[in-house]
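Okay, so chain A shows up in both of these, paired with chain B first and chain C after.
Then we have the complex of A and B:
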């Protein structure tokens, strides 16, 4: 003990000094590691990465949000026909599919509609759980025998071709 | 003569060094946070400013729902959930009670493939389901990495850069509203179309619902449709006994609905 004290005169070489050194290194390394591992905006608004909110909010939209009047700006006739008919309160995209890209650049991309009995049947097929009080239902095979619905019913004015609803 | 270091001095010095070691990086962190890009978004407003005075709510009218599942399809197309995989942000369940009080529940392909099924004497109805954006979300509590969180306007979001796909949240949700995204391999769930609503649009499912069975709005706005419904109509939430305090309210919800 005595010899060591004479040889190492500085604090760093003492037992306490060495422990202090190790402690300092550990703490500094911890500090750096913490800063590296935790994302920059973590904890900004709560226990999560604050930037994530903007990332989620800025995702692209596929269904346009302007309502049917947006479509009506170009498709005036069909918009007029639809607005007073049975399907008038529905959004065009319910049947026609997502159209945000079409609204942004009409000439580049058009929504593709599956104009088959299956599309109409999604709402009008007679299935358990669906009542005639809610919606007009049909058994597809018995109603048309497989003929496409649009042959008789114009979806924008379902009864127009048939001389009105009887 | 070497100066003896007393225990008191050592502890004092060591304490200062430890404190400095911890505080220095934290200080750096605080500076970085202030310059975050999140502050610049959406018309230069900060998120706390955008969130002020907002608490989003959802109303599902089960009496209007006809089980057409247009919402299910629109949701998948809007949010990049594969159409051919059995995972759903929103889905429609059908409840068919037979005369003897037995209840059959089905939701084939999330409601996209309902078969005619036999009509019975009992109750028959559809119940659309989606994330309830709970006031006390169990999914947020269990996330070990802070990858899912509740925003200031009450919507639960997933940070898909931070999510490690451990599936704890999927287990924790009492409503089965979460799933592992088959392509991204991170937890995914309904956000009430946060990316649309923050741009002033309605959620995709609300937009396409042909019968107006889905309604979305601000619960803190006394004149909004959802506030009026919650205030004046007979409503119920799913599994109220779980204490999650859902913010999706159901009109005409039968007691057999789980």
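Then we have the complex of A and C:
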């Protein structure tokens, strides 16, 4: 029968009281912080910031739409040559890069292209898991010794300069 | 080096050594906590010498575990997004809350257990240390019998609550792997249980090694009953862990579904050394026999102790190998089930050097924690005596008043109550007469 001493040992001054107090403060602060930090539009469409959709949509357009026929309106010869060849299903912008500005001002802006072997190697380099049955692969150094692929292959008709595919 | 058919996105092993560390470290935490619960909840009084050390060790390892994850992800500023907007359908996103809950429980239990000591230090220390300990008391300086009784109830409650929490924290890590149905080496409902048992095994092993090292550093005698008790529990849990780990593979082999040849190839050709050599033989079979021999009473005490400590070290290495075999091994099998990639040990970035750092860091944190909150149950200070063989008598004046005061506390009536409180669970009522 010890009883309360000095009248000062209220719950809030006891060890359990202090801990409870701190835990409550931490939880409340965490709740507030969470309210402050989570973006307003979070969860509008899914588990991401809804505003990001309109933000991304409002960025300037880089790629021209409409596929290869858009390019074909001016570049008819290349378009026809490409359509019947191995690369016929590839979009012009895959190699030539974004062309929206070129479509808007054809004479002032022309799309830039890196004409080196690395660009072709992105698809045609021999790596593990990519076999010849899927796509023609070469070991770049052995195949060309550093010479750019376009020296022999016309990218629009890869075998035309070499007398057709054997 | 690649074997057979491997998809291009399987060439790079994305989960490297840091992800090996994460289940290893959380496992050590869960295991160490279970040891403290053996004492605080199940009343295994032999484990008293490590009852505090186990909690301190658990905390020291616990704070390092997320560092490995954050270092792996490489975007520390985004780490808290896990707390603000966790995806409720993602098991991995549960980490933030599960970890925080467990951290709170461990810190609270340590605080309640150390409360009388912290108050004692806040009265005997001077200067900066006094201020620090004063802050740590949180202003609750009541060490009356009634208050200590309440503390005792809270400690028991936290220890009981901590067992399912520890099991959940680590079972959850196993669940993350076990629930990946595309990976034949991971996908088994047994995975959480396997992880949990190897966690308990590694935690006990850690305590054996840490306790022995601490005794050696402090030039104290190892408590033989304590280390033999840990020997017993390590042995029992080792059997369960071994059986489950083997069972999973045997089950895969007996079922003989289409993924078995790939798994068989993995363990017999790709990781046979770390799987059969380190994980099973060196990490389980050898310690199993060594622990058993260490229990033979006709052997000298010294040999039995060394046998137990060596077993503990072997188990620690074996469990690390087990984490490696699971985490990295699972990524070596191609999803085509007809090829394997190979893991290269990097040196610096997510490689061997920082991994060793993350393994040493908990020990440094443990040393600091043990300095601030001495976990030694033999009534001595954390620091070893300056002079060898210097054993002050009780009440004898010392240059540093601290040592004498602390020793004195153990002889006063208040400290006898304190000893009674830290004694065996359930003896509280009997000790009231002290």
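Some notes on this structure:
Basically, the second predicted complex is superposed on the first by the 109 of 166 C-alpha atoms of A that agree within 3 Å, B and C clash if a C-alpha of one lies under 4 Å from a C-alpha of the other, contacts with A are read in each partner's own complex, and residues count from 1 in each chain.
Methods note: a contact is a pair of C-beta atoms (placed from the backbone, for glycine too) under 8 Å apart; a residue touches a chain by one contact, two chains touch by 3 or more.
Here the structure is a predicted model, which means the values were calculated and not measured.
Touch criterion met: A:46 reaches chain B, while chain C stays clear of it. Once chain A of one complex is fitted onto chain A of the other, the partner contacts of A:22 are limited to chain C, with no touch recorded for chain B. In the superposition on chain A, contact of A:80 is made with neither chain B nor chain C. When the shared chain is aligned, no partner comes close enough to touch A:109: not chain B, not chain C. Contact with both chain B and chain C is seen for A:38 once the two complexes are overlaid on the shared chain. Once chain A of one complex is fitted onto chain A of the other, the partner contacts of A:13 are limited to chain C, with no touch recorded for chain B. More residues of chain A lie in touch with B than with the remaining chain of the pair chain B and chain C.
Using the contact criterion defined above for the overlaid structures, shared-chain residue A:57 touches chain B, although it does not reach chain C.
Residue contacts after overlaying the shared chain place A:90 against chain B, while chain C stays out of touching range.
The contact surfaces that chain B and chain C form on chain A in the two complexes overlap at residues 5, 9, 14, 16, 23, 30, 34, 38, 42, 47, 127-130.
Residues 5, 9, 11, 14, 16, 20, 23-24, 27-28, 30-32, 34-35, 38-63, 65, 87, 89-91, 93-94, 97-98, 122-123, 125-131, 134-135, 139 of chain A are the ones that touch chain B when the two sit in their complex. Residues 2, 5, 10, 13-14, 17-18, 21-22, 24-25, 28-29, 32-33, 36-38, 41-42, 47-48, 64, 66-70, 74, 77-78, 94-96, 114-120, 124-126, 146-152, 157-159, 161-162, 191, 194-196, 198-202, 204, 207-212 of chain B are the ones that touch chain A when the two sit in their complex. Put simply, chain A touches chain C in their complex at residues 2, 5, 9, 13-19, 22-23, 30, 33-34, 37-38, 42, 47, 127-130.
Interface residues of chain C facing chain A in the complex, by the touch rule stated above, are 2, 5-8, 10-11, 80, 83-85, 87, 104, 108, 111-112, 115, 138-140, 142, 144-147, 150-151, 154.
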